[in-house]
Structure formats: structure tokens, C-alpha cells
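Here's a structure for you.
All chains are identified by letter, namely A, B, C, D, E and F, in their written order; residue positions are counted from 1 within each chain.
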Amino acid sequence: MKSSRIKTGILGLDKMLGGGIPEGRVVLLVGGPGTGKTIFCSQFLVNGIEMYGDNGVFVSLDEGKSHYLREMSVFGWDLEKLEQEKKWAFVNASPIKYAISPDEVSNISIGSKDFSLSNLINKIKSSVDKIKANRVVVDPITSLVFQYPDVINRRAAILNIVEGLTEIGITSMVTTELKTSGFERNIQLEEYLAHGVIVLQTLQVGKTSIRAIQVEKMRETSIDPQIRPYRITEKGIEIYQKESVF
Amino acid sequence: MKSSRIKTGILGLDKMLGGGIPEGRVVLLVGGPGTGKTIFCSQFLVNGIEMYGDNGVFVSLDEGKSHYLREMSVFGWDLEKLEQEKKWAFVNASPIKYAISPDEVSNISIGSKDFSLSNLINKIKSSVDKIKANRVVVDPITSLVFQYPDVINRRAAILNIVEGLTEIGITSMVTTELKTSGFERNIQLEEYLAHGVIVLQTLQVGKTSIRAIQVEKMRETSIDPQIRPYRITEKGIEIYQKESVF
Amino acid sequence: MKSSRIKTGILGLDKMLGGGIPEGRVVLLVGGPGTGKTIFCSQFLVNGIEMYGDNGVFVSLDEGKSHYLREMSVFGWDLEKLEQEKKWAFVNASPIKYAISPDEVSNISIGSKDFSLSNLINKIKSSVDKIKANRVVVDPITSLVFQYPDVINRRAAILNIVEGLTEIGITSMVTTELKTSGFERNIQLEEYLAHGVIVLQTLQVGKTSIRAIQVEKMRETSIDPQIRPYRITEKGIEIYQKESVF
Amino acid sequence: MKSSRIKTGILGLDKMLGGGIPEGRVVLLVGGPGTGKTIFCSQFLVNGIEMYGDNGVFVSLDEGKSHYLREMSVFGWDLEKLEQEKKWAFVNASPIKYAISPDEVSNISIGSKDFSLSNLINKIKSSVDKIKANRVVVDPITSLVFQYPDVINRRAAILNIVEGLTEIGITSMVTTELKTSGFERNIQLEEYLAHGVIVLQTLQVGKTSIRAIQVEKMRETSIDPQIRPYRITEKGIEIYQKESVF
Amino acid sequence: MKSSRIKTGILGLDKMLGGGIPEGRVVLLVGGPGTGKTIFCSQFLVNGIEMYGDNGVFVSLDEGKSHYLREMSVFGWDLEKLEQEKKWAFVNASPIKYAISPDEVSNISIGSKDFSLSNLINKIKSSVDKIKANRVVVDPITSLVFQYPDVINRRAAILNIVEGLTEIGITSMVTTELKTSGFERNIQLEEYLAHGVIVLQTLQVGKTSIRAIQVEKMRETSIDPQIRPYRITEKGIEIYQKESVF
Amino acid sequence: MKSSRIKTGILGLDKMLGGGIPEGRVVLLVGGPGTGKTIFCSQFLVNGIEMYGDNGVFVSLDEGKSHYLREMSVFGWDLEKLEQEKKWAFVNASPIKYAISPDEVSNISIGSKDFSLSNLINKIKSSVDKIKANRVVVDPITSLVFQYPDVINRRAAILNIVEGLTEIGITSMVTTELKTSGFERNIQLEEYLAHGVIVLQTLQVGKTSIRAIQVEKMRETSIDPQIRPYRITEKGIEIYQKESVF
């Protein structure tokens, strides 16, 4: 049985995604600093509501609500109104970013989910149910992963996030940080654990710095893997398909 | 005594493989994210059934069956029907991907096989016998290997996987993740431990992102080591021999 | 509610910043040795006073006051007079740079702020209140972060600095050191934790060494991400928009 | 007293070797996956028998005998007949590749040879004596070296292998894995410990993948250090001197 | 209050330094092997005496006096005469380079200066006072720093050296080793801790090896950051401003 | 007092060395595998005897005497005759290369020389006295250094070797291994600890592999730092000054 496709509504992207994100999947958005990750996934939610009737939950592990709203205000999205209309919800999980338990780290059995991740997943599920959301965003997942000092546990943490979100049953987008840059960068292990991966970078191409987006991976999808330029405008992220990065 | 060759049936590949994979061997498919590893090895099994009368077992360490079937549905392979016809079987080993035993890790004697790998091999053997399969796929082997924090034990884990599969006596394809990319990437130790290695990458060649495949190694075979472009179409992976990547 | 913008007054920069720094945010200035980080953030404060009526506090973790004043004297800023006029204040936190407690390091719970950072934040807050400052600079944050030997704790230290400064409620600029150089350098974790990032480098472009500045990230802002040349003159930092680095 | 030279008989190689390998020396063949290391050293033995009257022993640490014979069958060498004629012998040391003793590792005194290496050397010596071999191959030495987690012990392991083989008194060729690739790869410590080193790589030169061989080092020999192309044909390895890799 | 400038007298350099080194500062001279670090800083002292009436102390952590004098003799500087005239002094701190106390290393509290560094600073101060020196050189500081196995303590060691020399109150030049080379080398932490940094490298530019000098950083100074060629002649280091490295 | 210069007699090299090696100094010869390090330093000794009346001692930490003599025989040097004439001596220190004392390593106080190094220095001194040698070679020093697992102790080991040889009072040449290759390789710490450094590499320049030599450093000497091509002929190493590597 083929999946429905969840459209992002981001100009130029759904075409690169072969129509949209397969329903119920977890997509990883990995990008460098200032590449627009938060704008991108916020737009995914707002478009969901305004264009496709999909309610959405924004889970923030970076900023509290007032700062977030302030940042998104430039794009003309009236998030507080959508919130009142119970079409949009904000989960402030930013305190998690400070949580470190050096003791627990060595003893946590990842096979059964991590305590703080369990709580978070439950909180998310609860918000999703409350407004019958169809989309959820977690921005960023970095602190959930970097509680652990070693690769084995980080890998497990990412798997648990993807698993936990998949169990909620709706379409998810999570963001993470790029560690190295350029065309021949190191591949980060999260890229193998999500169902889809979109990469945002600011590349130096000859004399110009270009914002570049690439759909690297998407299950069930015939993707267009070309790197394309995008801009961050007053409407959010816009990708121009006819243009090349070069 | 020369081996029979097991044909992949993937357009363009058998020629690069000097006819096909030598029977009973273990081939490693190493590729970056989104390069089509799961599609590739699934196609290997489906073609085995439909073109060559070889039954096959798909062992998944990444996804459960429903997600897997959903992903493969785009290619028009009726896997559930093949399953009923006892020509195809699915072994769901995805729970293994969560198994971490920090205690056991330091004490496991690899000379005698690892407990969870033993179980897995037995499970695979059982499935193979049940449908008299001639081909088996394990996708991916990463979690079986990354239970171990050190190179010595990872090396042993890979050897045990190759050994365990070889003992079953049929032709195997296993997948793994590429860590670095480009033309002068680091060589991963798995590449020395499998009998054959096929590499899938998305390379940036000038202005274009190209999907590129290379047969790096195959025992008993006069391979064509040239990097060639491939596409993922509605029929699966297709390699165009007359084309160059450049 | 959209933010006010705090103008830097640095020739060419406010345009790259879409008007200025969003009020109350923490901007990271990351640069190589000799790129003018101290001059840059000092100019940010002096311009604040002289051009925009914003009082400012300079927190030094590198040098004592007399050395600092000596260095800034070439630019014609009469900092001692501004100090008397209670428009500018200097917090000498340079002793912190020597503080190492190997014992404490492993036991510090970062969830509740670090002892020495708490003190520093209080000291800063006190200075800010005393002259009703609107801008604060911390130059550099390196020693606050490098007390910790591991990434998990360093990450937390940076988060705490950003958090602590944000709570004070005014606009902050903090400086840090670049570890690798060139167009495809490694991205440092601080760049993901600040609200904005400006990068200063001396790049080798063909035959010439060029001082280059790039606004890499700024929340709530449509930035111009192009790398531009700048000079350090007798007036301080000057960026020439019409020029290219190439 | 000048050494006799042991000819490899591999087309094009003996010329690069200044006539052949100095008698009694240990040559390291280091190569990437699929570059033909096993074929190369097998050919060295077969040519020894068929062209120069030198009997030879093949010590396998990778594969058992039936798999090995299957692989070599494509080249038309009747190894089983040579074995009956007591001109060729196969030592199956592949079980060693699984041997890991974490306890022993930290206590082994390398000054007196390693227990499993001692046994192996004795076994080899015994085989050599039995057929009065003049050449021996060990393919690959990797597992003998990688039992040890640290550089100091690995270095000692390699020294002991070279020493042990030298004591047997005949000419040896051992194979090992290349870790990094390209023209400016890292130099592996084994390359300093063998008497001679031949490197096999598949290099990307412009648009083509080329199999390239280079004689990097050979005691007592005026070598030709140029990188030359080679092919793996039905006769084995062939090097074309008049051709360039470029 | 603006600083006096201490002229190096090295042909071409004072211009790159905006007139000279600001009085009382610590300048780091970082260079590759054979780039002339010892010659450079010795010339700084000799010129100080002969051209500017500044007495100077040479602190050697590398060589004893007779070897040092032998090396400097080619440049025609009569150091022994200057020593008798109490214008120049030599402090032999070379025994320090052997001092390792593994026990002490982990317990040393860097906040209060290191025992051997304290002694050294006192010894230097005493020499400076004795001849009323205005300049001091420490060549090299590497062993003072590399007693410590970790970055935190090395950083502190360098800070203490800079602090200790600054307290003496005169202008200092210290030398250190370059770890990586080329235009996009890694930045070493010492470069952020000194008041000024001059880099000496032998760069490969096309077909030629060029000795290249760059003033990377200098507090209170409008530096010329261009890389320029220099030569080591019978007069010492000479920089040719009109020439380019390229 | 200026040093005498010890001529190497190697065609083309003494000119690059500004006449020769300053008497009593320790020169490090660092080179890749197969670059001719042993030939080079052997030639240094033989030329010393035959051209300049300097007797010499060859200290081997790699090979025993018979293997060494066999290797050098191609160059027409009658070393056994020179040995009988008490002009040349061979110290077989090759057993040292196997010596590992894991226990001792952590406890050795490098301030007072290492036990095995003391013995070796004494042995060398004794040989030097016996034939009144003026030159000594230690080939290679790697095992003396790599007994130690950490940088601090390795650094000390190298210092002790240089110190120990300097105390003997004659001119020394020691060899070591290059770890990375190419024009922008990492600088190895030994290069800063010897009095002079000569680098031997096989560089890939366009389509050709070229043997290249560079005098990187030499105390008291105006060196020619250009990279020049050399050949290994039947007479030993020959450098062609008029030729360029490019």
C-alpha cells in the first residue's frame, strides 16, 4: 500500500521530494549555522495548516516560546492565532538542553527508552492528540543526542528518537547540526537513521556564497538529488528549480 | 572447480560483475545515505525469484515489515504474493538494532560466535531452509558491528557475519554505511572482509550530483572497475554502461 | 512582536545585518588571531554610546584595564572620559582565565550554573545596572569554556553563557577563537549556540592575504551571507560593501 | 656477496624490481580492496614452480583451501596437481583470524615471539621443509597484527613476522591492507619494516579508474619507482611498462 | 596613552609592524624547522643594543652557550664582547627541556605559577635587572608547555609564561614550533595568547621553496598582513618589501 | 669560533649544505620507505673514510651485519676491508628494536638517561674510541623512540639521543621515518630537536614519481632550501643541482 504524501508547501521542494514526504516518516534536516533550519521546519508546519489542513506541533529544544515567536514574526505567520484556533501548538522542551547526568550516562540501557526522551515523547504525543496534529517538528535533536559521550549510545539515542516519533504515527521533521562542510564532508550517523534527509549548507562557489539545499535521501521516493540554490525571503524558504548552484 | 554465477538481473551490473556473483559468496554493498542500498538488495532478491528461479530471504535490521513493504511497493514487486508462494521470506531482526550490553561487550569471546549473532544466523538458516532459498540479504549489518566500541571486536564481528552467512551455503548480500565520501575516501575495514564489494555514492562531478556505482572487488571475477552512473527508477536500480560519470 | 534593531555603527556591517542586531540577542564573533575581534566589539560599544545613546559594558577575560586602554587609544576613543560620564564601564574578569579546578570539573552539574560563571554574570549585571547599559561585550569567552575537558561540558558552558547574558536582557557580543581556517573549515559548536554569528578571517586569495568578514547567522534577520573584505583603520573596522574578496 | 634474484615472472614486474626480489628477503604487498593481492602472490608462487623450479608454500590467513582453489581456478593453474607433485603446499591458518585474547594482549612479551605466531612460523617451516620450498606467501598478515590494540605492539608483531620468515631462510611475500588511498596517502608502519614494498591501488585519474602498481622499496635494488598501470587478466596480473597511468 | 615602539631593526619588518613592537608586549615567533627562529630573535636583541641602545637577555631552553655562540658567529655579532660590556646576557635554561615529573603534572595548580616556571621567571628577572635590559628573548617555550599532557594545562602554561614575562615589564619575544604547514594550517592555541604573532614558514609556491614571513597579529598596531619573502643572509634575516612571495 | 664543516661527499649535497655539516652536530635524515636512508648515511661514512680521512661507526637498529653488508655490496664499497683497516665499525644494536618493557615505560625518568639508551651510547662511544671515528650514524632511531606511548616521553627520548650523541663529540647522522607525505605534510617533532634536517621523499609531480631531497634545516649554515631531484645509482645517492623537481 503506497503512502500518502505530505506536502511541505515550500516553493520548489515538493517537486524535489517526488511530491512530498511519505506520511508517517521522520525526515532529518541537517544544516550549518544560519542556514534556516528553524525557519524551514516552522514553514513546514504553517504551510501544513494553511495549505493542507494539517495541524502541527512545534517542539523546541533550543528556545523558549517568546523568543521563537519573535523570530518567526518576520514571516507574517500569526502563530498565536493559530494556537488559539488549536491548529498549532508549541512544546517548550528547551530546559532539556541543559540536562546532563554524568552518572546516568554510563548506566542507561537504551533498549528501553531513555527517561528524559520517554517524557518528551509522551509530552509530544499529548500535544499532538490535543489538537489532532498531523505534523510534528523537533528543533533541534542535538542535546537529546549529545548527553552521551560515545558513538554507541548516541546512535541508540537517535534510533530512539526516530522510533518514538514514528510510534506517534504522524509525519515528523527533526533538525540537527552539520559538523563539517563542503562537497566532500563527513557523513554523520544520523543521516543513516532517519527515513529522509535534507541538507542545507552555505557553500562557497567561486566568488559567491550560495545557500544550497539538497534532498539526500527519502524512503519510498524518487528524489531529485541535485543541489539547488535557495533563498530566505520574507515568505520563508524558497527554492528555485530552474537555477543551478553553479 | 569454477563457480556458478548468480545473476543480479540489475540492468548493467552483471556485465560489470563478469557475469554475476560467484555462488555462495558474500557481497558487501557499501553506500551513502539515500543511494538506494535497500532497493538494490531487494531487487537482487526479486530478480532472483522472477528471472532465475532463486528463492530469497530478506533479513531486515533496520525496518519492520510493514514499513519495508510500503517502501518497496513503488517498484511494482508483489512481495506479499511471493511470500505466500513461499518464494520470498522476511526476517524481522530490527529489534537487534537497539541491543546494547555494555557489560557483555568487554567479555565476549568472538572466536566462538556472539550470542545475538548466533541466534540471528540460526533464524536466517531456518528461513532459508523453509523456502529453500538460494539468496539472502542482510540490510544493514551496521548494528551487529557497532555493538562493539573497538576496532578489534568490530573486525571480528564482521568476520563472524561473513563466516556465518558463508556456512549457510548460499549467496549473500549485506549492506553497510559509507563514513567518508569522494574519490579519495578512507577504506573501511569491512571492504577487506567480504568476498565482493560494490560501492554506491552520490558524487559531485562539476555542476552535477551523479549517482555512481563501482564494483570494487569480487573474488574469482574479472571485474570492470570503472565508476558508472546509475538511476533509481520505477523499476529499481538501472546502470547505463555506455555512459560515463564524467 | 518584531524586535528593535541595535545598530553596530560599523561601516558596512549594519546593512549586512539587515539593519542591525535584534535587541536582546547574543552575537558570537569568531575570528582568527589578529583579525580584530577586540577592536570590533569595542567599536560596537563606543558607537553605541556616541551614535545611538546606548551605554555599554566591556567585560575583559583577556587583559587588564590599562593594557586594554592602551590598545584602544589608537582609535581616538576617549574611554576614560566615557567611563567618568558613566556611559562606559570595564569589568576586569581576566583573573578567570587562570582558574582551573581539575577536581571540580568532573563533578560540576551544569544544569545549575557554574560557580565562577554565576559570579561573573552577577558582576556583569551589576555593572550594567549601574550605568543602565544597553550593550555588553565579553571578550573572549574561551577560558570560561575551556575549563572543561570534554565536549558535553563545554557545550553546556556555552549554553550557560548565552543563557546568562540573555537573562540580563540587553544585547550582547561575545568573542571566541577560530580553530581551523579556510573556506571549508570545521564548524565549531559555539556557532550553533549563539543567536548570531559573525566570522572574521584572514584568507589567502591567490596572491593576497585579505581580511574577510562574513555574517554567518542572525536570528530574525535576512542576512547578506557574502564574504566581504574589511580593513582595520584608525577609525576601527571598516567594511566595503562594493568590494569583493576575490 | 651479492644476492641472487628471485624472479616473480609477473609480466613487467621483474624489470621494475631490477631483476627480481633479492633472495631471502620479505616483500610486503600492500593494496586496496579488490586490487588483486591474493592473485599477485599466488602467481608469484606458481611462476616460481613453473618457470624457475622454485617450490612454494601458500599460507592463508583469510580463506580455507576449497574457496582459495575455486578462486584461483580461473587462471588455469592446476594447484591440486602441483600439490600432489609436492611442488606446492597450502597451509590453512585461517582460524587464526578469529583468535582474540584480550587478557593475553596486555601481557605478551614481544621480545620472545608471540605464541600463536610461533606456532604459525613452525607450521610454515615444516611445510617448507617438506617440499623443499624456495618461496612462501602469507596472505594476509592483518589478523596477526590486529590482535594488538596499540601501535607499539603492532609494530613488534610485524617485526616478529618479518624476523620469523627471514629465519626460515627463503624468499617471502606477505600481504596487507591499505588504510587510506590516493597519491598523498598516509604511510603505514609496515612499509618501514619489510625489506621491500609493492603498492597496488585503484586510482581515479581524470575520468578513469586505473589499476596502478608501484615498487616503493626494495633493499639491494635499483628500483624503478614509477607508478604503472596493470591489468588482471585470465593469466593473472600483467603490467605494461610502456604505458603510463596518466 | 600610546606605547613607544620597540624597533626590531630587521630590514623590512618594522614597516610591517607599523613602526615596531609596542613596548612591554610579548610577541610569539612561530615557525617551522630551519626557518630561522633563533637567528631572528637573536638579531632582535643585537639590533636592540647596536642600533637602539636597548640591552637584552637571551634565555635559551634549547642549547647551551657555547653551541649558541658558535651558531651566531656567522653573523658577525660579537656577543661575548657585548656580554662583557654588560649589554647582553645569556641565561642557560636548557636543562629545563629534560624536566618531566609525571606525578606533578596532574597535581600542579596553574593558578599559582608552576614551580619551574617561577624559578625561570625569577632567573630572567635577575638577569634583566643586572644589565638593565630592555628586551628579552625566550627560545623556545616548547618544553615549558609540553610538560603537560592536556590542552587545559598547556593553555595555562602559555598564559603563565606571557603573564610572567609581562610582569618583568620589558618587551619580550618567545619562539615556538609550527605543527602543520601551508596556507590553511591549523591555528595553534599559543597564537591567541600572545600579544603579537609573527609566522615563519618555508612554503612551496609552484616550483619554488620560498621562505615566507607574515605578521599575523600585533596589539595596538595597524599591521601589514601580507605574506612576504625573506632571506637568511650573512647579516641575519632580511625581508624584501617590494617582493611578493608569488 | 666557527665550526669546521664535515663534508658528506654526496654529489650535489655539500653545496646545498653550505659546505658541509657543522662539526659535532646531529643531523636527522627523515624519509619515506624506499627513499634510500640507509644508503645515504652509509655513503656519508664511506665518503668520510675514502675522501676525507674520517673514520666512521655505523650503528644499526634495523638489520644485522650480514644483511647490511649484502645490501651495501652493490655500491662497490668494501666495508669488510675498511673494518679490518679499523677505519669503519659496525655496531649491531638491532636486538633493541624488539625491546618493549610496558612496566618500565611509565616509570622511566628521562632526566637521567634511559637504561637501554645509556647502554647504547656507551657501546657507540666505545666503538668510536676504538677506531678514533669522526663520524657516526644511527639507523634508524625509531625503535628507541617508539618504546614510549606518549608524546612527552618520545620527545624526551629524542632529546636524549641527540644529547647523548652530541656528548660523544663527533658528527652524527640519525635516520627516522616520515609519517605523512606531500608538500603540506605534518611536521614531526624530531625535526625540531635535531641540529639539522634533511628530508627524502618520493613525490608525485604531475605524471612522474620523483625522488626529491630537501635540506630543511642546518644550524650555523646558509642552506639552499630548494627541493631537488636525486637518484640512487650504483655509486649511491646523487643529486643534480641544475635540475628542478618540476
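A few comments on the model shown:
The definition used in the following text is that a contact is a pair of C-beta atoms (placed from the backbone, for glycine too) under 8 Å apart; a residue touches a chain by one contact, two chains touch by 3 or more.
Remember, it's a predicted structure, so these values are computed and weren't measured experimentally.
The fewest steps needed to get from chain D to chain E, moving only between touching chains, is 2. When the CA atoms of chain B are superposed on chain D, the rotation angle comes to 60 degrees (nearest 5). Two copies of one chain, chain C and chain E, form a contact in which under half of the residue numbers belong to both partners. Distance between chain B and chain E, defined via averaged C-alpha coordinates, is recorded as 59 Å.
Work out the mean CA point of chain A and of chain E, and you get 51 Å between them.
If each chain is reduced to the centroid of its CA atoms, chain D and chain F end up 29 Å from each other.
For chain F, the set of residues that touch two or more other chains is empty.
Contact topology of the protein chains: cyclic, one closed ring where each chain has exactly two touching partners.
Ring order of the chains (start chain C, then chain E) is C, E, F, D, B, A. Residue ranges of chain B in contact with chain D, taken from their complex: 1-3, 22, 106, 109-111, 150-153, 155-156, 159-160, 183-187, 189, 191-192, 197, 214-223, 225-227, 244-246.
The part of chain B that touches chain A in the complex is made up of residues 32-35, 67, 69-71, 73-74, 97-100, 102, 140, 142, 146-147, 149, 177-182, 202, 204, 206-209, 211, 232-234.
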